[in-house]
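Quick one: the structure is below, and I'll ask about it shortly.
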Amino acid sequence: MSTLTDLTLAEARDKLKAREISARELTDAHLTAIEKARPLNAFITETPEKARAMADQADKRLAEGVAGPLEGVPLAIKDLFCTEGVQTTAASHILQGFVPTYESTVTKNLWHAGAVLLGKTNLDEFAMGSSNETSYFGPVISPWRRTGDPTPLVPGGSSGGSAAAVAAGLALGATGTDTGGSIRQPAAVAGICGLKPTYGRCSRWGIVAFASSLDQAGPMARTVGDCAILLKAMASHDAKDSTSLNVGVPDYEKSVRAGVKGLRIGIPKEVRGEGLSAEIAALWDKGAEWLKAQGAEIVEVSLKHAHHALPAYYIVAPAEASSNLARYDGVRYGLRVPGDDITQTYENTRAAGFGREVQRRILIGTYVLSAGYYDAYYLRAQKIRTLIARDFEEAFKGCDLILTPTTPGPAFAIGAKTSDPVEMYLNDVFTVTVNLAGLPGMSVPAGLTGDGLPLGLQLIGKPFDEETIFRAAGAIEEAAQFTARPGDWWSTS
Amino acid sequence: MSERPAKTIEGVTGAWEIVIGLEVHAQVSSKSKLFSGASTTFGGEPNAQVSLVDAAMPGMLPVINEFCVEQAVRTGLGLAAQINLHSVFDRKNYFYPDLPAGYQISQYKQPIVGEGTVLVDLPKGETIAVGIERLHLEQDAGKSLHDQHPSYSYVDLNRSGIALMEIVSKPDMRSAEEAAAYLKKLRALLRYLGTCDGNMEEGSMRADVNVSVRRPGGPLGTRCEIKNVNSMRFVAQAIEYEARRQVDIIEGGGAIHQETRLFDAKKGETRSMRSKEEAHDYRYFPDPDLLPLELDPQWIETIRESLPELPDAKKARFIEAYGLSPYDAGVLAGEIETAAYFEAVAEGRDAKLAANWVMGELFGVLNREGLDIEASPVKPERLGALIDLIADETISGRIAKDVFAIMCETGEEPAAIVEAKGLRQVTDTGAITAAIEAVIAANPGQVEALKKKPKLIGWFVGQVMAKTGGKANPQAVNALLKERLGPLDEG
Amino acid sequence: MSVDADTVRRVAKLARIALEEGRVQPMAEELNGILTWVEQLNAVDVAGVPPMTSVVKADLKRRADRVSDGGYAEDLMKNAPLAEDHFFVVPKVVE
């Protein structure tokens, strides 16, 4: 394959600026790669014409010397971000054919910085899933395979299309959204970097909502530095989002090689205690050693309520989702399946438009909010959230960052966990805690399993302290020397 | 406040007391909507005043309009109510085509305004206190037109997202008359405060009426809620009908079921709303797109200081400063425009005379013509000028009425009318004396009778006035007559 | 707190999702599986703990009262399944 798709985002940016390569040829190389990688099903909508037009514009601005920080950089956008004039589906039948007349704030920021849209990536329907198997447009196939085993694996979820696209070299970077781990978990199992920023760092305006108090957009890319560059462009204070905070956006790229000397890294003992696989436990130890070797101090911290996070999440997220998804009623946009009257039209539309997992979560969410159950479920879960947030506040008195594994294991085979929802939910056991407390968290590739699949480590930071995360992530990246890439089996098959 | 006389209605088995509470939805006067920048102007083209937020497009988020919050606080202060420094916006979840998000953003457990009181004057002179339970901010829904097509409804979202204040009274009213008076007072208060235009025809103010009946002093009965009653008259009608319906059911051995009913203005009846019969379960929970609303006590004080003089204070001042009767003061302070008109007329003049003119001649014309006081053909400055002409004896009060009638017709200045029509009062004693002499000469019998019946002097005044075409100064006529006819035994 | 078939039907009705009769019982079992799992939270002592209202520690953002949006009815109709004269059209609603 063309080496243009092997460049890091930072390298490509620099070459574009130096006019060593053109945005058009860089974009074309990625469009070719996307076309060849259709067996991965990473994209729901490819936008080659738009991409070329944007690349040509970028070349013009590069020539004129008025280039933005991401000028000419081709990106993939999770199909949860509304894009003006480009179909936005949330991987749901109910939004099939929906073409927004508006652009999400995050993508607007990216285009303003000069980036190029390659297409909209596949995801779990409404971002509800951990394996990208709930998409109406079919599952995404991971570019990774176990050594010597062609069994198709999941790319993680819900930002599975973005993770697969970045891992397979179809885009220099991608946007994801993370409600319970949907950036970090697929990043980990796809061997790339992914950051969920502090809640309020990136605007939620124009992103199809799943669970409003948890959703946050973030970058996915092959290097820590590339994530830093993307986050800088994505983040902004947005007057249109009441939960977007007016805090300065630092130059994250500078933090990446700033080192970890003097940083205190917390290891939560309760998380450590849970039946971890030996492989994951060893990786975690290795991560701590890498940081220690570079001058960080390793300290034990306590997150007493961490093990309650997952069940609390599976009350809060479906409850919010049941309300957020009420707008898909077939009246103003999207699918309509007529019935005898308006109620039947609603019921038919939503039965046909939503897939099984989305329906299940809407029903759970409706149930836990319904009269007589609110206090027992929703209110209790929100109280537990307070306890979890307090745990972190306490822990951060004694450390600057917390290190954990990102996932309990590597990617699994397609269909392996679809029969039991709870088993599927367990994939998010290390990531959801972070969403419940609104903290920033990042997954960095740290190694491969015995059969050749990527694993990631997660760094959790204080609110709005993504900079310190980037410092430690850079240090892990440096030490891990993770250079593995999936074999290019899809374009030869 | 006096103890209220029992107000009951008679059934076949004895007396029943009506217990009434009102939930009033008042549209906040603001340029843009509660959570979006779309316009609130009435009567726009379909869906022209709708933002992406109001249409609940995917990914849209609410941002609160600060002025709507201020208006709610201002109203709360006007209702002498508790302002809650911490309040929360909740989602009320239900499906309806004119509710695009599938939920309404409202305030459920923690409203912005708590308990307060409204004093209500009743027509017979009593005053009752009606408790306010709460006031909260919420979004209005859109509008569905059902009569445009046999099988379709048409949805217009222009109203969707407009800020409403839901003002919930305690069940403190005992008759249709009290409920109507409360609504009238509440409307006046909101209009004084400038927080709602009170326009019931345009739907700026709608009332849901809760009605139950009980034996006087007995335990509360089961209530029915009558939805969207949109005029004072209908409120009274709906209550009368509903109370009678409930009494008839109970006396017939039946029981009242708690339900939502609709008032049919054409038939003057309430009827059950089947579509709302289905069990409600609104699944309220705090809106995760919004943070709790925290208010700064100092900001509230700033609003308090900016409050206008409200009807109760104005009425008290009218009594105190102008010496008006409580009834007159109540009427003149009852509506902000009336009060403003009256004060403009009374300024620097005899306030009682001004009150008499406003409530007498002016109200008469307005009633006859069906006009609001703002549309009065006679502006307060002109009415004031007319009163000045009476005060400086340029014209008499009687002539002033004629001049006023001409002013209503032509809109001319009173002084100009007086000049043009030669209505200036005759104060020349020579002319009056001549008229007196003529009357005496023509009526010797009456002169004789006067000696025994001094009150006949009034008849003489009338004759002299008639002879001068009404233009003679009545006081001068009086004095000259008395002088001419000698000291009369007033006893 | 076990979810039975009737509860599933009631919740599906509230959520406006038509559920074929054959899916009711399996759905009840799935929901029970999830609810049984989340019931471990009952063991947590939450006495005196306030519920989380927002992870963002900030004042609620407020905007000035200005007309800054709207006036694009045509755009709003672009994705509508059925629209006429800038109205959204739905099956007749009976009150």
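A few notes on this one:
Chains here go by letter, A, B and C, matching the order in which they are written, and residues are numbered from 1 within each.
As a convention for this text, a contact is a pair of C-beta atoms (placed from the backbone, for glycine too) under 8 Å apart; a residue touches a chain by one contact, two chains touch by 3 or more.
Model, not experiment: these values are computed from the prediction.
Among the pairs B-C and A-B, the greater number of C-beta contacts is found at B-C. Ranked by how close its C-alpha mean sits to the mean of all protein C-alpha atoms, the top chain is C. Centroids of chain A and chain C (each the mean of its C-alpha atoms) stand 23 Å apart. Chain centres here are Cα averages; for chain B and chain C they lie 41 Å apart.
If you average the Cα atoms of chain A and of chain B, the two centres end up 58 Å apart. In chain B, 52, 55, 57, 63-64, 95, 97, 153, 155, 281, 283, 288, 290-291 are the positions where the chain touches two or more neighbouring chains simultaneously. Residue positions 14, 16, 53-54, 56, 58, 60-61, 63, 76, 82, 88, 90-94 of chain C are each in touch with at least two other chains.
Taken residue by residue, chain A touches two or more other chains at 98, 101, 213, 239, 242-243, 322, 326, 329, 331-333, 342-343, 346, 366, 370, whereas all remaining positions touch fewer. Across the interface of their complex, chain C is touched by residues 30-32, 36-39, 45-55, 57, 63-69, 88, 95-97, 144-146, 149-157, 262, 273, 275, 281, 283, 286, 288, 290-294 of chain B. Taken together, the chain C residues at the contact with chain A in this complex read 1, 3, 7-8, 11-19, 27, 30-31, 33-35, 37-38, 40-42, 44, 46, 49-58, 60-61, 63, 72, 75-76, 78-82, 88, 90-94.
Per the touch definition, chain B reaches chain A in the complex via residues 52, 55-64, 91, 93, 95, 97, 100-103, 153, 155, 281, 283-285, 287-291.
The part of chain C that touches chain B in the complex is made up of residues 14, 16, 53-54, 56, 58-71, 73, 76-77, 82, 84-95. Partner chain B is touched in their complex by these residues of chain A: 81-82, 88, 90, 95, 98, 100-102, 104, 204-209, 211-213, 239-243, 319-320, 322-323, 325-327, 329, 331-333, 342-343, 346, 366, 369-371, 374, 378.
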